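Here the chain labels run A, B, C and D in written order, and each chain numbers its own residues starting at 1.
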Amino acid sequence: MRNIRSANARIAVDAAMKKALEMQIAVCIAIVDAGGHLLVFLRMDRAMLGSIDISQRKARTSAYFGLNSEVLGHASQPGGPFYGVENSNGGLITFAGGAPLTGGTSEIWGAIGVSGGTSDQDAVIAKSGAEAFST
Amino acid sequence: MRNIRSANARIAVDAAMKKALEMQIAVCIAIVDAGGHLLVFLRMDRAMLGSIDISQRKARTSAYFGLNSEVLGHASQPGGPFYGVENSNGGLITFAGGAPLTGGTSEIWGAIGVSGGTSDQDAVIAKSGAEAFST
Amino acid sequence: MRNIRSANARIAVDAAMKKALEMQIAVCIAIVDAGGHLLVFLRMDRAMLGSIDISQRKARTSAYFGLNSEVLGHASQPGGPFYGVENSNGGLITFAGGAPLTGGTSEIWGAIGVSGGTSDQDAVIAKSGAEAFST
Amino acid sequence: MRNIRSANARIAVDAAMKKALEMQIAVCIAIVDAGGHLLVFLRMDRAMLGSIDISQRKARTSAYFGLNSEVLGHASQPGGPFYGVENSNGGLITFAGGAPLTGGTSEIWGAIGVSGGTSDQDAVIAKSGAEAFST
């Protein structure tokens, strides 16, 4: 398990925020380490209060499973192989907006979670943050 | 209520681990007693963090209902007779990977829960553990 | 309730981090708004994992009561007038390191919570953050 | 943050169990990684059910703060600098029986938690486990 430096986590947050500003969406952005523990968090002006928790859960979901959060969501629909998985681990969020941070390596260093727009918008913003992350 | 000896629980864990290694899947394996209380737990190298909690919930689900976890999952789909049952008991996991331990008797001595692969893979690994269990 | 702008919250975090670096202590720094909701969070490299939660609880304690966290701690010792108050509100932290943010006004705009050093050190760092905060 | 191999975690558990058998005390033994996540758990025959949770919380407390659990307990007595800290992080256990695992390095790789005897006995057993741990 690798340690993300807080300065590098902030770079990822700033890249995500820049994207959100371009898209004119106010979001919460959370970065967690590979163990799912919070590293950096930012709530943009006018972001919904409900997004504070959701962004962190999306990040934790991605870190715990090494997947984009929506991958788990697709597999946990009624009739799906992981139906109800969101009830584990203290409550997961399994729609889009959570993404692993690899920094171009083959390892998962942590994850980013974004909440505030539609889940598709959140995923675009999370991707911008993840792409800006380097180890 | 019968008491599983910890040495026998470990034999079941080792059998499950051996199967998982053969299948080249990294899993978490949990054994609970007939009361659903944790007896032995093992997280294999590289298993997802999210599987720690899921494996234990699968085992508890099996112990609490005396069934393979997926039996409950089939009955709790939307429209099904136990729809929403996963919200009881502090949160159940109702897809495959949890199995009762009987040791060839007619009684339930405890349960094994496995998480880390697909739910079908987890069920195969749990079955190996359950078959290796003797009282 | 006044809204802290996230840019101003970050200035306070940066001032606190600068002080912590001078003191050679790795801390977690949390800023909450007047409603106690997380706005900005930073975990410095090598800060203890236990401080993630404590820093946020200190900030929330200060925001909820409009006081430095240790004021509540003095009043909640055995035999004191608020004995056990830390069990309210989902769990408070009542030792030093939480401080209200007023920005020189007569109103409480939010609070800062710091954890990672001794509680005295945490209070010094929190004070640096609070003094750098402007509305 | 370093990864403990599960085989090495088991060696530590076995050393702790051996010590507990010598002392004729039935305990629960938990090993967590540096992020506080469960790696290996063993409940010995006749150990109290209440020790399942306590052993895991002791281990998590040691991992989160990088200290023997009782160090935090001494500092969190009434009038002490961290009074009430046990209410953080989902509930800590701050009496003896939790110890960091360093494997003779200067880094914390995880922690061991033991519960079942007196806290002094638990600490002796945890120490045996910690001493047997190598990276």
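Simple rule for what comes next: a residue touches a chain if its C-beta (ideal position, glycine included) is under 8 Å from a C-beta of that chain, and two chains touch if they have at least 3 such contacts.
Just so you know, these numbers come straight off a predicted model, no measurement behind them.
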So how far apart, in whole Å, are chain B and chain C when each is placed at the average of its C-alpha atoms?
-> 43
List the centre-to-centre spacing of chain A and chain C in whole Å, with centres computed as mean CA coordinates.
-> 25
Inter-chain centre distance, chain A versus chain B - centres from mean C-alpha coordinates, in Å | 29
Residue numbers of chain C (touch at least two other chains) | 49
Counting only chain pairs that touch, give me the topology of the graph as line, ring, star, complete or other.
-> other
Which chains touch which?
-> A-B, A-C, A-D, B-D, C-D
Given the complex with chain B, which residues does chain D contribute to the contact?
-> 3, 5-6, 10, 35, 37-45, 49, 52
Chain B residues touching chain A in their complex are 48-50, 53-54, 57, 73, 76-78, 86-87, 91-95, 118-120
Listed in rising order, the residues of chain D that touch chain A in the complex are 1-3, 33-37
Partner chain C, residues of chain D touching it in the complex = 35-36, 61, 63-66, 78-79, 81-85, 87-90, 92
